[in-house]
Structure formats: C-alpha cells, structure tokens
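Look for subunit A in each of the two complexes below; its partner is subunit B in the first and subunit C in the second.
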Partner chain A sequence: MAAISLAFWNPVVCLVVFLVVIALIYLLRSRGEGGYKKGTEQTKAFLCGEELPEVEERHVKAHNLYWGFFQALKKYYDPTIKAHTGIVNDYVLWLTVITVIAAITFTLV
Partner chain B sequence: MNFLTSNSSILIIAIPLLAAFLVPLISKASAKGRNIFVVVVTVFVGILVAILAKDVYANGAHIYTLGAALPDITLPRGYIVPVRIILEVDGMSIFMGIVTAIVSLAAVVYSLSFMKRETGQDKFYTLFLLMMVGMFGLEFTGDLFNLFVFLEILSISGAALAAFRTRFGDTVEGGFKYLSISAIAALMVLFAIALLYAQYGLLNIGALAAVIQFTSLDKLALALMAIAFAIKLGAVPLHMWVPDTYTVAPASITIMLMAASQACLYALFRIGFTLYGGTTGTISMGWIVIILGVLSMFVGVTMAIPQTDIKRLMAYHSVSQIGYMLLGVGVGLAVLGDTAALNAYGRQAMSGGIFHIINYALYKGLLFLTAGALFYRLGTRDLNKMGGLARNMKFTTIFFIIGALAISGIPPFNGFASKFLIYESVYQFSPILSIIAMLVSIITLASFTKVFQAAFTGPALPQHKDVKEAPRSMLIGMGILAVVIIFFSLCPGLIVDNIVQPAVDALINQGAYINGIMGGGL
Partner chain C sequence: MIGSNFSLGITILLGIVILALGVFFGLLYLGIDRKLVARMQGRIGPPIRQPFRDVSKLLMKESIIPDDAISWLFKFAPVLCLMGAAVLLLYVPLFGQPALLEGSGDIIVVLYLLIIPALALVLAGFSSSSPFATVGAQREMVTLMSYEFPLVMSVVAIAWHTGHVTGASPFLFSTLAAFPIWGQVGPVGIIGAVLLLLVLLFIIPGELSKIPFDMAEAETELAGGVLVEYSGRNFALFYVANAVKAIALVAIVVGLFFPYNLSPVIGIGAAIPATIVDGIFFLVKVFLVMFVSVMVARAAMARFKIDQASKIYFISSTLVGLLGLILLWIDLVI
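Let's turn to the complex of A and B:
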C-alpha cells in the first residue's frame, strides 16, 4: 500500500489560528460600549437620518443576489436553463443520444 | 463474535430485509415500538458493518458463498466456475458500506420527527429498510445478476419514498421521474448482463473478469452499464432528474437517494476497474469518466447558483460534487495501465475522489437535513420567503455553516482535504482540469453564501417571529453527521490511511478480487 500524503496540510494548525481569531474578536467586542439602552434610538440602524424601510424591504432576497453574474453569463444561462425542461420525454431523449454516442465510442475504440 | 464476523456480510443484508416485513406487524401494536425497532435495527446493522470492516481491514476481502458448506468455498467440488450467489466485500465495498451505514443512521433518527405528521409510517419504514437492503446488497454482491436485483430493490423503494408525501403533487412527479429513469437504467444493465452471459456463461464479476476478451459485444455491454450507472448517479447530461426528485423527497429520503447514487457510482467503478480493469479499454473509459466529471462539476454548480428553492439549489450541488469524484477516480482509471503515472499521481487522484465520496455523503447529507428542518418549521423551500432565521434556529444555523464550509472546501473542513488531494494530483495529469475544479469550488462558496445570507441573516421577518428550533430527533440526526464531519476534518490522514487507501488498493488490484473467487475451491 503506497502512502498518499496530504502534503503540508495540518488541520490542527488551522484550528489554532481559528481559535486565536475567535479570541481576538471576543477581545475587540468586550472593549465596545456596554451601557447602551436596548429598544431605543441608540440601537436603531442609522440611515443618513432617513426612515428605515419595513423589515421585508430591508432584507436582500435570494433572487436579487448575483444579478450581475447572471447578466454577464446570459448567453450561457439562457440555453442551459432552457434545456432543463423538467419533462421525462426530454430526459429519455438525452439518454438515447448519450447511449448511442457512448456505444459507438466504446465499440470503435 | 466469530459467527457474527463470518456471517456479517449476509446479516447486513438479511436483517433489514426481515425487519422491513416485521415493521407493519410491530406498527399494529405500537407506533413508538416500531420507531424504536427501526432505530435498533439500523444501529445493529451499523455495528455489523463495523465488525465486517475490522475483518476486511485485518484479513483482506471477505467472501460469503450462499449455500456452501463453508462461506469461503466459492467453487463447489467438480466445478471450475462459481455457480452460487457470492458476496465479496473488499476495501472498496466496505468503504461504501460505512457510508451507507452512517447516512442510514442519521436519516432514520431524523425521520422520527420529520415524518411524525405523515400517515402510513409503517410503509415508510418498510421502504426505508428495503432501501438499505438495496444499497448494501449492491455494494457487497460479487454477482452481476444480483447487482441488477439489488439495483431494482433500491430503485423501487427509493421512488416510492420520494413520492411518499402524496399530499404534495410535486412529490408524485419527482417519484415518477426517478422510477422512469431507474427502469430504463435497470433494463440497460440487464441487457448488458445478458450480452456477457451469452458469451461467457458467467455472472460472477470475478470469474467474468478472469476471462473477458473485450470483444465488440463486451464493449457494448460496458457502454450500456456505464451510461446506466451514469444516469443513476446523476452525471451531466443525464442529471436532470436529480433536482426534480431530490427537491420534493422528504429530507431524510433525499440523503438516502444521495447515498443510493453513490452506490451506483460504486457499481460504475466496480465495472470499470474490476470487470474491465484488465482490458485495454481503461484509457477511453477513464477519459469518458473525466469528461462526465468536468461537465457535472461545471453545469451542476452554475445551475445551482440561480436557484431560489433551497433544496433544488442543493440538488444541483449534488450533481457538481459527483463531478469531483468522477474526476479523481477517472484520472486513476485513465492511467491504470501506466504504472509510473499511477504511482506518481493516479493513486492520489483516486484517493481524493474516493475520500470525497464519504465527505460528500456527510456534508451534503447535513445540508439537506438543514434544508428539511427549515421546510419543517416554515412550510416553504423558497429562499425569497426566508430571512433572519439564525435568531430562532441556532443549532440548525451552526449545522448549516459546518456543511456549507465543508462543501465549499474551506480549511480545515473535510471537503478541503479531499479536494486538495484532487487538485494536487489532477494538476499533474492536466492543469486545466485542476483549475476548473478550483473554480467550481469558488462558485460553490458563492452559492452557499447566498443561501446563508437569504435564509439565516438579515432582520427577523415578522412572519417568522415565532419559528422554533427543529425538533430534537432532527437535531440529533444532523448532529451525528456534524460530529463525523468534524472528526474527519481534524483527522484526514487517519481516514485516508485506514479506509480510503484500502478502497483504492481494492479497485486497482483486480487480481486480488478475481483470486478471491477463483481461488476458493475445495
């Protein structure tokens, strides 16, 4: 059995770094202002003096994320999404085509 | 203990089979008793898998011949070929057995609460146990026809479970799609087996591997089996049923379907390496596996990121993750005949691919269970309707973070360790393939960042103000997988050395598999 190395990878080092970062975050947090009053203006998000929108409007919805990415790759996404029709007949068509290709490839090679 | 060790392989299949038919009877007496019974059976099967694993790692392949005077007598007196049903459990089979045992345990515990509101739970647990039978049988059998039989058991029980919650219309559609593609795949496997049997008069994999000539009919049989298993494991472009079925199945069944796909991946590897391993077709077969892998990785992840249904998004990631396994093991298959390349990077690529199988089962299982917990509490899978859930579902959030970091290959999680092995070794085979794999990992991270942002962070939405944490048994189910992920993350070397490498060796060493059958005469 030949040994497979994980090269320089040692998860314990990573764990130690993680714990140090957690300790630093805790230290930073503990130096914050503790004497604030919950539920007052002090704990409200400040939006340049504007009224905060309703909660539902403040949360960025999933369909809004990465909009630019999808726009940039529109030429890829349009046909790819179109190919996923959800119709079993289409699945069988794909299967038939791939099986024929595989059978020809395998028998010729 | 000796009895358990020598009969463990058949007991692992027989016990859940018997228990499956006892479940409706016990259910008549007590629902609680039935739940306890199913959990006890699953735990006991897990213990048997551990006993069998210890035996395989200590003594090599475990052979069990049904009906023989002694389990390891594969050739009856006067015969030169095996005629009985034989189970052959080597390093690769037991590796898959371990995956199935862990996933089944997490799924059954999770189901206790998740399926509590559903009717017909006796049927649910009967089918669940039959699914276990199908998976273990597929992984342990040394016989092609039995492989087909177990594939059928797995497919029929899986389809029925995917469609189990008939009150949702889409579940029936998902189950129907799974049943359709499974039926076609099974027929292709059966036809391929018939082609081999007509030529050689054999069904045993080891015996067939010893005599196979790689004729045109053999090549056709290989093509049919490769495509059939590629459909079942959801490799692009045959993956389209995966999001449709995984999305609508109960979360605990989604992870069982995922484990079933991996059992089919095992069957593909067994056919490629063991049955056809000694032929000249491994290079072309290896390249086909690599191409399927790269396509699966890329199309899977790019289709995942626009999704707004949390389970559909995760289902596309399943397609993508399967690609990593195909890539790693495909590189090993492509260089199987080149000893220098195999030793330089082929074995490492295979180790990465096989290590990724178990890692994927763990973190993807955990992610699907967290998605199930959200559905259980919110009644929706739509990410657009979620937000701020980390406030009320703290444990689910932690489990999601663990799963998301692991699947994205973020150190120190187990997903990183297996992906790292794949990147490093595949780079030596073809740098561009390795770069694609890394790119896919980055998009995976982006995709799960989207889920985390949409579902767990942000202000608490008024409609989810009173949402509670998932029930205890669901948390325990998720906890089982999370604990194993953390263990694997902290000790990747231990896992690679003790369970992954024996699996790689078992695949590469075709002679040992053949000898296990053909050297077992009186």
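Let's turn to the complex of A and C:
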C-alpha cells in the first residue's frame, strides 16, 4: 500500500461485497413475514383519517423540492434569482461586464 | 491456489463476523441510548434488550405495501439502506483493528458509502405514495445536501494535514492510526482539530435522523415521515440499518480523531488479550462519542425546523469547519 499516495478504491471488490451483503440481507428478509391483506383498508396510505388526494397530488411539487435549503440560503438566492430576468439583453450586458472585468484583471496581472 | 482460496474464505468469514457484531452492537447501543435518554428525561425507559425484541417482533408482522406505492422500489429501498450501512462496516476500522477492506478502498469511498443509506431513505419516501412520506423524503434530501459539505470538509482537512506532515497516504485510516492528529499539531492546530471534531459530532445526529435533526421522520408532525408506510420485515431492515449506521459513523469519528489502542499503553503484548482489550476500549470510545453527540443532544434539545437545520449545517457548520481548516493550515505554516 506504500505506493498509493492519494485516494483509491477497488470497484470489483466493492461490487462483489455489495452482492454478497445484499444476498445476506435477502436471507435475513426471508426470515420475516411477507404476506398482508391486499385490497383492504390496511393498504391505503396513512393520512390521519383524512381523505387521500389523487396519487399525482400527493407528491412534493418540483419547485418545493429543495424548500428548506433555498429558505436557509434566501439571502443568496433572492438577488441571484432576481438577476435571472430571462431577457437576452440583460444576459448580454452581464457577459459584457464580466468580459471587461476579466480583461482588465488579466491585463493588470 | 489453495492458499488464496483459504485466504478468501477467511476474509468472507471475517466479513460475516464483523457484520454480525455490527448488528449486535448497533442494536445494543440503541437500547442503551433509549434507556439513558429516558433516565435523563425522568422516565424509566424500555429494557436495554428492547431493540432486539423490536426486530424479532417486526419480522413476525405483516409487511404491508400501500396500493399506490412503487412496489419494487418500496421493497428494495430498505435492502439498499442496510447494504450501504453494512458495507461501511467493512471499510472502517473496528474494535481497534484495521478495516477488513482497508486495501480495497479509503476514506473517500467511505464518504460515498455514507450517502447510500440516506438516498435509500429518500427513495423509500418517494416510492411510498404517502403525503407524509414524500414530505419526509424531501426533508431527508435537504438535510443530506446541507451536511455533506461540512462533513467532507472536516474529514478531508484531517486527512490533508496528516498526509502533509507525515508524507504518508493521507486517506488511509491506517495512516491516521499511525499518526493521530493530536500528535501532529501545535496549540493552534489543536483548536482547529477540536473545531473539526465538533462539526462531525454535530453531523452525527443529522446522519442518523436523531433529535434535534429528525425532521425527516418527525413522529409528532409527520407520523414517521419517510418510514410512515413501512411495516414488518421491510421496516425491520431500516431499523437494523439505522443501528448499524450509528456504529459505522461513530467508528469513522473514532478512526479520525481517537485511533488509539489501550494494549500498548498497559503493556499487553500477546495477540489475543491485546485484541480483546483493544476491542473493549473501542466500544468504550464509541459509547462516549455516541453519548455526547446523540444521547445528550437528544435529551436536551427539541427538533429544528428544516430551514433552521439547513442553515446550521450548510452555513454555520461549514464556517466552523472552514475555520478549523484554516487553523490547521496556519499550524503548518508557523
């Protein structure tokens, strides 16, 4: 192992270990009870007795998927989202400004 | 050929023993955790062997699959979760001994493997077709996104410093065991290492979905969140996976920051007694880390909101980790 200086892994070993462990887990799983009463009340999703919405309506909407993360970084995302106006002129202006700044920086350095 | 087959057989046997020990001690520590937290809160609490009873009871119960669930994914997610947690055990040093698969993967692999159980929970939640579970899965994903950066930063900082000082392979647990961080740093570096340790201790309850970072399960709010629809043997696998992951995760912290063995200190040279003493010492270290990062925090705090948790991990913990990294760098320079 002395020759290895940075990160390494052996994918074949990893894959074999995955398969062996999965086999062991299925062995453990097979010890449990597999059956249940299909088509009864017990197979309906739990919602505290409330009526379940349609399947399509039960999922978190895409724009809420990262809600807590966006909320935590609101101070970063608010101005960033505001800058994305969708108007091509604005993007070209950004590109021009950044190009000028980069040109000046490279010239000075 | 015979020698190589024999060696492979021994390795597989050792692997199975490690997995069995991981499950046993994971459930044992879960029992101790529940008992101690109950006592801290003025309750009697369940007996320490309760998690073992829970698993055997769950294996006897029906494994219900909701009508609108994605059946194959719903059933495979707990297998994937336990697989990720169990394989971790083979890549981290346990009981004072080197990791079984030390030569086949390093700390970076361990960091990737850590993601699998959390992703399996996300898949489980989204495949359940339950509003509670999908909200829980969303929260699990946000929590994962939030703590990954400080987690990786802390681990890499320690490895980078050790590799830089010693010139040895930085991402090997054996390197960190041979050159513990506390022996490689001056006063400034010690403060940096303590900060990185604090970050990791803070991440452990998030990784394990324990209070104050149990937003994904949130029994009182989401009735179990990602796991609300799970029962029977499928839930048993998640239950065991959580216990195994706790041992593996704490073993990583022990391997990074407390890789010491007791046998050389008290002068035990013989192999078997030294192995037993070091194994017991490892279990004590695991208990102490778990007590500080999981039990005390769980008894003393209430659940954070998801945006608060995200802010704590992605901003506060990252800044603390960055400060720790800078202090380690300053320690190298001065």
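Brief remarks on what is shown
Criterion: the second predicted complex is superposed on the first by the 71 of 109 C-alpha atoms of A that agree within 3 Å, B and C clash if a C-alpha of one lies under 4 Å from a C-alpha of the other, contacts with A are read in each partner's own complex, and residues count from 1 in each chain.
Here is the rule we use: a residue touches a chain if its C-beta (ideal position, glycine included) is under 8 Å from a C-beta of that chain, and two chains touch if they have at least 3 such contacts.
Please read these numbers as outputs of a predicted model, since none were measured by experiment.
When the two structures are aligned on the shared chain, A:Glu56 is found in touch with subunit B, with no touch to subunit C. Of the two partner chains, subunit B is the only one touched by A:Tyr77; subunit C is not.
In the superposition on chain A, contact of A:Trp9 is made with both subunit B and subunit C. Contacts of A:Thr105 after superposition on the shared chain: subunit B is touched, whereas subunit C is not. Touch criterion met: A:Tyr66 reaches subunit B and subunit C at once. Applying the stated contact rule after C-alpha superposition, one finds that A:Leu95 touches subunit B and leaves subunit C untouched. Overlap of the subunit B and subunit C interfaces on subunit A: residues 1-2, 4, 6-7, 9, 14, 18, 55, 58-60, 65-66, 69, 73. For subunit C in complex with subunit A, the touching residues are 12, 15-16, 19, 58-69, 79, 82-83, 86-87, 90, 101-109, 126, 128-135, 137-139, 141-143, 145-146, 169-172, 174, 215, 223, 228-229, 232-234, 236-237, 240, 305-311, 314-315. Residue ranges of subunit A in contact with subunit C, taken from their complex: 1-2, 4-10, 13-14, 17-18, 20-22, 24-26, 28-29, 31-37, 42-48, 52-53, 55, 58-60, 64-69, 71-73. Interface residues of subunit A, counted against subunit B in their complex, comprise 1-4, 6-7, 9, 11-12, 14-15, 18, 55-56, 58-63, 65-66, 69-70, 73, 76-77, 80-81, 84-86, 88, 90-92, 94-95, 98-99, 102-103, 105-107, 109. Only residues 176-177, 180-181, 184, 188, 216, 219-220, 222-224, 226-227, 230-231, 237-238, 240-241, 243-244, 281, 284-285, 288, 299, 302-303, 305-306, 308, 343, 347-348, 351, 383-384, 386-388, 411-412, 416-417, 420-421, 424, 446, 450-451, 453-454, 458-462, 489-493, 496-497, 500-502, 504-505 of subunit B touch subunit A when the two sit together in their complex.
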